[in-house]
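Quick heads-up: structures coming right below.
Both complexes shown next keep chain A, but they swap its partner, so chain B is in the first and chain C is in the second.
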Partner chain A sequence: MKRYDAIVIGGGHNGLVTAAYLARAKKSVLVLERRPRVGGAAVTEEIFPGFKFSMFSYVVSLLRPEIIRDLDLPRHGLHILPLESTVTPMENGDYLAAWGDHDETRRELYRHSPRDAEAYDEYGRLMHFMAQAVKPILGMVPPDPTSFAPGDLAGLLKLGRHFRGLGSERLHALVKLMTMSSADFLDEWFETDVLKATKSASGIIGTFLGPRSPGTAYVLLHHYMGELDGVFRAWGFAKGGTGAVSEAIAAAARGFGAEIRCDASVARVLVKNGRAQGVVMENGDELRADTVVSSLDPRRTFLQLLESDHLPSEFVADIKRFKFRGSSGKVNLALDALPSFTCMPGVGRQHRGAFSISPSLDYVERAYDDAKYGEFSRRPYMDIVFPSMIDPGMAPPGKHVMSIFVQYAPYTLNGGWTDAKREAFGDAVVNTVESFAPGFKSLILHRQVITPLDIERITGLSEGNIFAGELALHQLFFLRPAPGWAKFATPVRGFYQCGSGTHPGGGIMGASGRLAAMRILKDGT
Partner chain B sequence: MSRNGGGFDAIVIGAGANGLVTAHYLARAGKRVLVVEQRHSADPSADIGWVPDAVIRDLGLAGAGLRIEEPDPWITAPLEASGGGTLELSRDIGRSAEAIRRISPADAGKWPEFCQRMRTLAGVLERLYLASPPDIESHDVRELARIAGLGLYVRRLGKQTVIDLARVLPMSIAELLDDWFESDVLKGLLGALGVWHLKQGPRSGGTAFNFLHHHAGSPAGVFRPARSNITQALSGISGVELRRGERAAVLAKNGRASGVVLEKSGDAILAPLVVSSADPRATLQPIAFELDPEFARAVDNIKARGVVARGTLALESVPAYATLCIAPSLEYLERAYDDAKYGQDSAAPYVEVQRTDGQLELHVQYVAPGTHGDLLQRVAGVLNVQPNQVQLQAAEQSLYHGELTLDQILFMRPVPGWSRYRTPIEGLYLCGSGTHPGGGIPGAAGRNAARAIL
Partner chain C sequence: MSLRTTPFHSRTGPLSEGQAWRRWAGYVVASSYELSHDREYHAIRNSAALFDVSPLYKYLVTGRDAARLLDHVVTRNVGKAKVGQVLYTPWCDNVGKQIDDGTISVLGEQTFRMTSADPTLRWLHLNASGLDVKIEDVSETTAALSLQGPSSREILQIAAERDLSALKYFRLTSARIRGIPVTISRTGYTGDLGYEVWVDAAQAVALWDAVVETGRPFGITPAGMLALDVARIEAGLLLIEVDYFSSRHAWIESQKSSPLELGLGWTIATDKERYNGQAALEAERLRGPAWQFTGLTVDWDSLEQLYAAVGLPPRLPTQAWRTSVPIYDRGGHKQLGYATSGGWSPLLKRYMALAHLGSEHVPGTEVRMEVTVEHHRKQAKAHVTPLPFFNPDRKRA
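Right, the complex of A and B next:
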């Protein structure tokens, strides 16, 4: 029987990145994906005939540039199309827009508040600096502050020097970003409510927190780290949907010699004498490897793939405590035509960008309040894009696809999710959009509503958390996923983790997958 | 404007605990000190919070009539769900566990370990609080050695403590308590300490820190700060001149403080050193023209939103409890906070009655700025008394002069980079609860400030 150097469980983008890097280092690598296609939560599917959707994750920006370079992804079909604008319709019929043209954005802001237009550039500069300051940390294996190992002490020292090297102003800003709520942080800069609401929205994505909850400012920064062709905070679509990103990484991995099997569901990791030996498939087949890597989230990696007697009980307790609390849903629509929004009637360039349904801080905060007590938001926050406007291949000629990212939809809904509740949630979403774009509902040809429970069922992400574990301060860095085990190794020798549930986690970033591969290669398989 | 010399070496603004502590430390170092206080008489209400031993010892407060109340049981909470009765927690961990056992055997089993773990963490804070905050930007060898010593001290407390510190401080008190306990009443009365004086709900990150902050100074198993008469005791000791009923503003020119100006008379009193225990914003905003714009902006950005009303409760007979807490669950607290988020008083507020010297004092949270329609009725309703038995005074600003959130503590308090009691105005210092370590520890900031000045 063939023995692989490494088996990667799960063909999401991080699993594929790990596989590609290992294969690039001349290892024999096998990727096992449960679903019929690779990608995990970054997949493109033709849900309705002729209409293709980035079913879950829908925008790209955080993908690390070094990965794009190392794996030569453009050669494997990665093509990112820029997403240029964001329009926020307001309840009074006005709007706030951010355009691709910086000066135009400033003029638009000036219309709302001359003071904010002034502050906008300085704010942008600071966030740019901050993202630069945090970037090296994302690329570093977190040192363990509880350890006296020379490597950890050196890592801590390096970290300390890095922070001190930032200078007072940025160091203080960093502390604020790490600890404040996005609403409070933005209050220090801006006065226009709708601007604060729209900016703070990127601080709540994927979290079970409201814009006034401390800790959201960090997620704000996390989303600022996007870098496309060296331009910060630039979001884009992958031509062909986010599935095309996964396909490109898979193609790169195959190019380096990795083998990728779909419809291959792993039941558990084979452990003998405290060492991983391979995996057992659902159908009972055993596959052998020197190293086994899981790209699944921490809960499934440790509580499902392993028997708990292979793990220290404290570690198991830590993993059980790791919070998921999925809060996001998705509504994918096939449209007969593009909707016209009251605030900016007609069809035009605004449809080439995003619509953010975040008219005020109170609006977003109230959406959170509903979820806090176990209901989906009656009037949710939404991030709306029309991928077919940018990539016509996504829909039949003349028709369109509309992607609506929705918050909040709690995984733990009062009374549990049922088909009827799912449709009620879909109705709340559609009706809210209708209130900003009358007539929109009559354009809907098909509708797919995805709840956090659906995300869990389809992708395997526990509780439907899109970051494979909340990006909360106490679940970051050397605490992700558990203290002492944030360096991709696990208590089982030869068994590694590489998913978004490890540092730095979150978004189509690939950093976890890359760092894990580096660690595995350093340990030597 | 008449010039009123007087030959003082230092003027302290405010005769609260911190102002008086600073004044007496300065006096003990041989300075002639004048304290100016706007109130005509001393505030009769109790001082709430840990009085550090060092302050008591250094200023001889034991001989000055200082009384610290350590009620036992330290809290009483009504049990509505389990058909009446109360949950009473005592200073004795075992006895508390027995009380908890009646509502949840599982929680009772975890109580002793919970108390120990929290005590260890609060111990780390205590160590940080009795000195100036660590200056992580410093290049001074002594300061770096102090920080290293602190790190080593924490590391010696064990791996678990390091992990707990990193995990717990940024957490929400709800997450922390949900990790440990199942009983709503227990989590409610503990959770209340996590949101104490904070415009946050128990599900907000950083409230676990606020919980530990207010646990500092208390023995294991006691999660309410001590109550004392420290301000009264300090007013009684001699050594400084105290002038009441005068509101003073800092006199500053060309980046230098030269004294204070009394609001009523317009008289100036000169001194080379001015120390303010008032709110940093109230102290600095009137002299903003003397400040660097960046610094002035940082001062404007201090979050100090008032959410607490304090007052008194009149009952016909003295109740049996020492502290009565009405916060029956974390959800109750969270919903009380929800109202505050939208600028309203809580429909069902968190209410605590504190008996000190036979007097019943009230802590009511959350109250919004502005008018308070039927707050008295609501509080009376919660306590099951008549509205005319309740007297309340809502604070528009945080009584701590700055909320104790993670972005406003240690080297970030009162404003980032200016945590060592100095200000950009030469000769002007701050010593109130707006500075490190903040409110709820009467005298700690005052002592640290005096030591920084000397």
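Right, the complex of A and C next:
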């Protein structure tokens, strides 16, 4: 029987990145994907004839440029297109817009508050510095602060020097970012409510927190991170949808010799004498490998693929405590034409960017209130894009697709999710959009509503958490996924983790997958 | 008289949001229509970008000896070309140094259209003595649009109401777009799937309207020279007066280049009779050219370190640059050559440059490129990279 150097469980983008890097290092690699296609939560599917949806994950924010270069992804079809603007419709019929051009954005802000227009630049400058301070951390394997291993000490020393080098002012700002709510943090800077609401919205994505919950300020930073790579306007949209990102990485992996099997569901990891030996498939087949890597989230990696007697009990307890709490849903629409928003009538360049349904801080916080008590938001926060305006190939000529990211839709809904509840949720979303864009509903040709339960059912992400585990401060860096086990290795020798549930996690970034591959290669298995 | 506008100006003029224009052969054309050229660049690789390329010099060469004349001037074999073919070709002086480069479209057995970057009428006449040939300058009477990008075929097929899938790379066909007679050639300056549409200047505006209207559902985007400049570097296509000097404009010998030194050895026919520069080029081919024109990829980590040393994240050029930049050996002391164009590829996420280096520096060789970091001259690590940087299958498919 063929014995692989490595088997990667799960063909999501991180699993594929790990596989590609291992194959590039001349290892024999097999990727096993349960679904008929690779991509995990980064898939493009033609749900309605001629209309292609990025079913789940829909923007590419922080895909590491070194991965794009190392794996030569553009040759395999990857093209990341800029998302240019954000327009926030307000309840009074006005709007707030951020455009690609700096002067234009400043003038627009000036209309709302001359003071904020000036503060905006200073704020951007500070966030830029902060992102620069945090960025090196993303690229390094997190050291364990409780360990005395030389590698950890060196890493901690480097980190300590790094933070000391920031200077007191920036260090204070960093502490604020780490501890405050995004609403409070933004209050220190701006007076325009709609501006604070729209900015804070980026701090709540994928968490079960509201803009007034402490700890959300840190997530604001993520928006500035990509810019540091000189990759102008790093927030982008992948040509062909996010599935094209996965397909490009898969093609690169195959190019390096990796084998990828779809419709191949793994039941569990084979462990003998504390060492991974391979995997057992759902159909009973056994496949052997020296190294087994799981790209699944921590809960499934440790509680489903392994029998608990292979793991220390404190570790099992830590993993059981790891929070998922999916809080977002998705509504994908096929449209006959583009909707016209009351605040900016007609069809134009505004449709090439995002519409943020975050008219006020109260609006967003109220959306959270519903979720806190087990209901989906009656008037949710939404991030709307029209992918067909950026890549016309996503819909038939003249037609459009509309992607609506919706928060909040709690995984644990009062009475549980049913088909009727799903449709009611879809109605709440569509009706809310209609209130900002009258006539919009009549343009809908097809509607796909995705709840956190659907995300879990289709992609396997526990509780439908889009980040494979909440991106909360207590679950980041050396705590991701569990204290002492943040360096991609696991208590089982030869068994590694490489998914978004490991550091740094989150978004279509690929950093976890890359760092995991580096670790595996360094360990020399 | 001031600078001229092209036959499309009544359409391109109002589109210019930032009034950013560039001079080209005595005309003004858009640098970019929007305030930033980002979206225009991405349209080239993502959907379809529409360029006004009317300022090109265009000559109609007809008559019994038309092919003979052109064969005497350029390095490709024109006599062997079939009707409907387009040849990209350089042409040289008598000692094999390059004067210019352009295209020759074979419109009929005895009808050719030649495009050039510099005026070429006198040079053609000089070479035509005793030949039965008519040379007509049609630069002003022929307008041209270039439609480049993955959706370009789909748009033109609808506009011309015919299948273009059989039109191969560097072939042309005559067609009608809304009744307007045009020539469509599968050519361009982007290294992507793309076409150029040649039309009588009097019908230029109607053609523009037809193409733009057809292309709208496909994301057609009028684009300017800044976007084109990035794409042509990705495609490794050289630009006269930037990447090389015409031997007729050079002041000193070392400013001149031969096609072999510019990576155009493939354009030098070995199966034809006397042409300008033949002896010199044949001898040079035998001994091997001293110089090469090649790609360089600037090492990201190296650039990042140079900037980190002064406490900054890497700064990248926001536009393609066209200045001469020294290239050194890996020790950083011996100069090996110079880069002439460069820029950041938003698609490839690479800092790329086009450079003249000694022929011995094969792909993969590590070199140093001069970069200015906070007013100080530094050297960034770079690697010799074969051209083109980007070469999608769809270009020829």
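In this text, the second predicted complex is superposed on the first by the 517 of 525 C-alpha atoms of A that agree within 3 Å, B and C clash if a C-alpha of one lies under 4 Å from a C-alpha of the other, contacts with A are read in each partner's own complex, and residues count from 1 in each chain.
Here is the rule we use: contacts are C-beta pairs under 8 Å (C-beta built on N, C-alpha and C of every residue); 3 or more make two chains touch, one makes a residue touch a chain.
These numbers come from a predicted model, not from an experiment.
S.K.: Just chain B (first), just chain C (second), both, or neither: which does A:A41 touch?
M.R.: A:A41 contacts neither chain B nor chain C.
S.K.: Determine, under the contact definition given at the top, whether A:R164 touches first (chain B), second (chain C), both, or neither.
M.R.: first
S.K.: So, A:L335: does it touch chain B (first), chain C (second), both, or neither?
M.R.: After superposition on chain A, A:L335 lies in contact with neither partner.
S.K.: In the superposed arrangement, which partner chain does A:D101 touch: chain B (first), chain C (second), both, or neither?
M.R.: second
S.K.: Can A:V194 be said to touch chain B (first), chain C (second), both, or neither?
M.R.: After superposition on chain A, A:V194 lies in contact with neither partner.
S.K.: In the superposed arrangement, does A:H79 touch chain B (first), chain C (second), both or neither?
M.R.: A:H79: touches chain C, not chain B.
S.K.: For chain A, which residues lie in the overlap of the chain B contacts and the chain C contacts?
M.R.: none
S.K.: Would you tell me which residues of chain A are touching chain C in their complex?
M.R.: Residue positions touching the partner: 65-66, 68-69, 74-75, 79, 81-82, 84, 100-101, 104, 132, 228-233, 239, 352, 389-393, 397-398.
S.K.: Would you tell me which residues of chain C are touching chain A in their complex?
M.R.: Touching chain A: residues 35-36, 38-39, 42, 45-47, 151, 217-219, 300, 313-316, 318, 344, 346-350, 390 of chain C.
S.K.: Report the residues of chain B in contact with chain A in the complex, numbered from low to high.
M.R.: 136-137, 155, 159, 162-163, 166-168, 170-171, 175, 179, 200, 203-206, 301, 303, 331, 334, 338, 341-342, 405-407, 412, 416-417
S.K.: What part of chain A is in contact with chain B in the complex they form?
M.R.: Those in contact with chain B are residues 145-146, 163-164, 168, 171-172, 175-176, 178-181, 184, 188, 209, 212-215, 321, 323, 362, 365, 369, 372-373, 472-474, 478-479, 483-484.
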